[in-house]
């Protein structure tokens, strides 16, 4: 006979951590609250004018928390309650997505290895200050290398619990 | 009892004893021993029983090529692993290993009776019999065969271990850390790039581990590599396979070599490595020789005996005969003799032996028999002697021995090369396939490239023997019990391609995947067919290189982390209030909220009553949402959806129907125009990502001239539906900046303002047929606003309701659910949604397909309502509908029930159905044949409640 | 896992960031109503499915989000080139 | 053809099995045949057999570019079932299942058809609705398919985890008891041997290089690596390579070829008694008579003829398997392999005539062709012999892609809401 014992935790029971998780040489915590915008335009200059901000010009570049994700797409991670103009009537799209994602901070000398456990990019080759959209296993994330050993990770709200625990599992494994 | 521990030598730590058990018996070895070496040192020759004939088998090899000595290792509850190779299992204190595939014991295996009758079980025997009587295959023969087949037992309990995984990147990946691999690693590392060096063994060194002369160099090189920052060395790590563009997957064994109490952390780790260049230094595997008795325990590869002696300090016998066709056998014999392993004779099929080797053997007092072949081996549980004959002819002479070593030449390990679709060329002088061309940045070095210094030799199939092939009992594939004669039989029966021969005989299909049998099988087939090896072909190597645990492949994706389960921000509240959930796409949603001992029907009835009589609150956050922004937003939606959008005024909502280009409904939802250039779209929960992807496709590739952009806002907004005659009363105290009066805020309108001090997009929409609002607030405020609404609602006796109640309420109104009332083959007209198709629009996605001949043909299935004649009969969803219930099976089915519920509101059951020509059948009675009874029902329009819509406009 | 050079990001990225988009250079007609049933069938369903050079669409969904075109050998799976949407067939 | 039987097997044992003749003689192509089948997989060999056996056309050649049975026939996970939703599909697959029963005896070759049952798991309310719809439709079509509760599923397949902890809890299952498996190679070999005995020429290592059409457009024969072979009737049953062959006849087809992977574990003693499929979790598995767990993986996302798939497909497949059968994480993967599956827009096959007179086609079986082997062979043979389709395969024509009468089983199971 085949015996399948109950185990303690199921996907339904996972809860998003609130307190930082400390591993050896790596720490996972929540980023502080941010304002987030999805910014789109064919012509960056029009958008820059609409929101009165400079935009990075090359995919993967980041300026003051505004990341160039694609040829006509920027993602702004700004101090909480920053409000951008909508640019009504202009050929631009400014959408407030502050609540769509949560930010995690993964930091410490072991952070790169933990992020690499599920992110297929060559992270060591990613320069400080650069950012990109990518995946952690099957979950889409935006990563921003804020410092040599400090990564800001954006993940859509409903995937955050899974990602938190997947990162924690990788931290546990790397001990 | 032949093997013994040599007085000195080996890399084992003779100061540290390890105790373990094998088949329940206490055993011991030294730190550094493998299970095989430790048991050989104790004189154990018998390790396993073969798959088919249950013949007694000993050790063949000292590495992963081992086909015979398979054991089950038990590390406690849930931690049993079958089919491990004894030479690759390191001993540790407490190791518990048992032999497999024997009953009741290894020594006395009753199923070995198969061996007596082996003549009746040649290759492919099962195709030729077990056919009569007809039912007996499943009832009698197959169960017996299944029970006799298999190797070890499967685990039967949940595995408590966890597994790790990672991606890694490097400029150079070297697979195999023998001398060639280490040299390649040092060379690559000097260039400064990132270097990975991986090896499957307990420590790096490969062949050098069995050559004490290289140990000093090895220690130096190992230290040098360890000191380099850009070098990662992974031992106990098997490169499983090579995939596209130098993506190499490897599995590292982290804890199985440790005593159970010391094993912490994950059991194995999956390495997914992308490399600029891959260097394969996987070495070569020695080939056995095919002669009568070559499977008696004590017959093994010469290289294995060398490894056991020089690496583990174990002699595999006291009187050893070497059967060679290759110089390497002589070298191994000499090295063994020098190490104190008694070699009594070297038999070599070749007459001309390198004089230097022959002289050295003579000097070592080893008898030499050039031109001879072993024609039989005596003994059953262990070697008792061997008969040799000149050129394999005649009666021959007996040699007293307790072990026989085979040196049949070498097969380069080209598996990963082959995974990468690298081509192979047959090299006659090596008698093996060597790497040729590849389109990857991939190269082979050392023995796997054919660059070895073992000397030269012959490439032979079956050794010459007095018996003809069809009587030979010489084995080719030891684990699967494939004899040389089976290959002969396959050829005789018309199997000429090596793939056919492999599949017919099962040669090379055992758990060693033919590492020692493929080339011998090929050579024998070549000899029988009198055709060169190259015309018969080589079977394709497939990953994995050696068997790897499922656990390693799934990494973190185990149990709670298997897949994300998406929950809304209000989900916690639902859980605290006793919600029963259902999974919808990646989400879980509250299905109903039972109170006390209510079952689903009772809870749903109560929730429905509350919505119809007072108010209900529903978490609709999982609905897909897309913000469409830009000057061309209306034009874009006009092209995507079936209905017109340009005329929609800001502040108003519209139901949108989305087709695939094939003309069938794929999604729907109510969307709002917030501003001339800004729309808030909604999609189904399951369709969100698909719809966004489809819209992006059209926008980027067909209509890239449009100035409009799409942003997913599914997770930006929590959505709280407040539905029922008291809905306005519930939200009124909380809303600011929006005039909620019916005149100012009619049905299908949207307003922006605040609720509970939080910005809101407030929709006046209804999926229930009642006065209703959908409160959109930023997700982080969802729970807070929900609780505020709930508190207000309670004053009106509100019910929280779930998806099941939502389904009933919408069905009463005849609103469809895409995916339930449609199934990917339903057009707007089929679903009764012709009104939602813009007749004047020149084009929209799917329009042209709606004009295809079968789509406009009469008799298509159309959505209708059904009322059962017995009002208490609730039809089963999915039940099939017929016009004539008395016809024989197979019946002509004219449709099926798509939605069916008991409606508390109406005090009877209701159903929706797709029925052929349904709208022409109004008033007709149709039949639903169920097991045991047939239910009759009348066709009507799918609208059961408040047809005029006075309630939702209230 | 393929490694795909995204012509927008100008770097090679792992396949799991991309979604395959089927055969390339099959333009939707400006006015589908002028198409016969046969022509419409061809647009919807007929694909070249070659053994060898294949023009195909990919979307860098989990990267820059853009659709682009690629030429890949369907026997070896080796990419010959990738290029931006709208550029001429290569 | 020497008859296979236990009696003959014992007899042969006493003369070292020297009396067994070739299963099928290797033939050189003749100048012309009454019918040619392109592709010696199970379907093509079956067609040749039924042409000779049932429809009286024995002057038949089966030509194959590689070795017979070397394509998807020898690479699939051998699942047999017929509990399809639509009448067209149920009739097609049940025709095959009826032929599977007794095929060993008919061919005098044990193809090891084992009716151990195919259990399809429902993991959400939508699955339940969809499966019930199948079960009711099957019942009225005379096809067996029954609903099992989670506990009954567990009793039928003990390694199954029906606890609520799983990501996709089991809500029940649809069981077709007549479903099961057969030994894939034996099916090809059995048909080849039986066809050969009826006079069919089996010609391996002979790739088709062209299709010759006459002035009236009708088929005149095929060009091959071994020269031109004339025939006025050519049936193409070439799975993943069908597009290429059709192009030789000037026909573009609604087909795409994708890599599909499968894998097996090391053999263990009997632990898994049936076939289990889960579309929601994306896993299907059975245990072979040899003891290997046989596991089907998904297709890669892109078209390819490389017979090589990506590793992340294997990762996802095994994660799915271990999710529903958590006792197997310590089992070890022994071998993976890839096939090329030809997929139509509605994922149902094309089986019938083509616009070219004398050219018939059987293709588009996607990931599910093995189960249809005897049925597809018989219906292709019927169509060739009568120059018109049997009523069972009539709906599986090419016209459906023009007129919109698709047979889309997968769409019918579509998930939304």
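A few remarks follow.
Going by the order they are written in, the chains are A, B, C and D; count residues from 1 in each one.
To be clear about the criterion, a residue touches a chain if its C-beta (ideal position, glycine included) is under 8 Å from a C-beta of that chain, and two chains touch if they have at least 3 such contacts.
The shown structure was predicted, so the numbers you read here are calculated from the model rather than taken from an experiment.
Chain pairs A-C and A-D differ in how many C-beta pairs are in contact, and the one with more is A-C. Mean C-alpha position of chain C lies 30 Å from that of chain D.
Averaged C-alpha coordinates give centres for chain A and chain D that are 45 Å from one another. Distance from the chain B centre to the chain D centre is 21 Å, each centre being the mean of its Cα atoms.
Contact of a single residue of chain C with at least two other chains is seen at positions 1-2, 14, 16, 19, 37, 40, 44, 65-66, 76-77.
The set of chain A residues that touch two or more partner chains comprises 1-2, 4, 7, 9-12, 120-121, 138.
Residues of chain B in contact with at least two other chains: 156-158, 243-244, 247, 272, 274, 421, 555, 557, 559, 562-563, 565, 662, 849, 852-853.
If you sketch which chains touch which, every chain touches every other chain without exception. Considering their complex, residues 51, 79-83, 119-120, 122, 125-132, 134, 137-138, 142, 145-147, 149-159, 161, 163, 241, 243-244, 247, 249, 270, 272, 419, 421, 470-471, 485, 489, 492-497, 499-500, 503-504, 511, 513, 540, 542-544, 547-551, 553-555, 557-559, 562-563, 565, 582-585, 591, 662-664, 666-667, 684-687, 817-820, 822-825, 849, 852-855, 876-880, 882, 889-891, 893, 896, 929-931 of chain B touch chain D. Contacts from chain A toward chain D in the complex involve residues 1-2, 4, 6-7, 9-12. Interface of chain C with chain D (complex): residues 1-2, 15-16, 19-20, 22, 37-38, 40-42, 44-51, 54, 56, 72, 74-77. Those residues of chain D that touch chain B in the complex are listed here as 4-6, 8-10, 13-14, 16-18, 20-26, 66-70, 74, 87, 91, 102, 104-105, 108-116, 123-126, 129-137, 139-142, 165-169, 183, 185-186, 189-190, 204, 265-272, 287, 289-291, 306, 308, 310-311, 314-316, 318-323, 326-337, 345, 400, 402-406, 408, 410-417. Residue ranges on chain B touching chain A, taken from their complex, read 156-158, 162, 164-169, 194, 265-266, 269, 272, 274, 555-557, 559-569, 581, 586-588, 627, 629-631, 675-678, 707-709, 711-717, 778-781.
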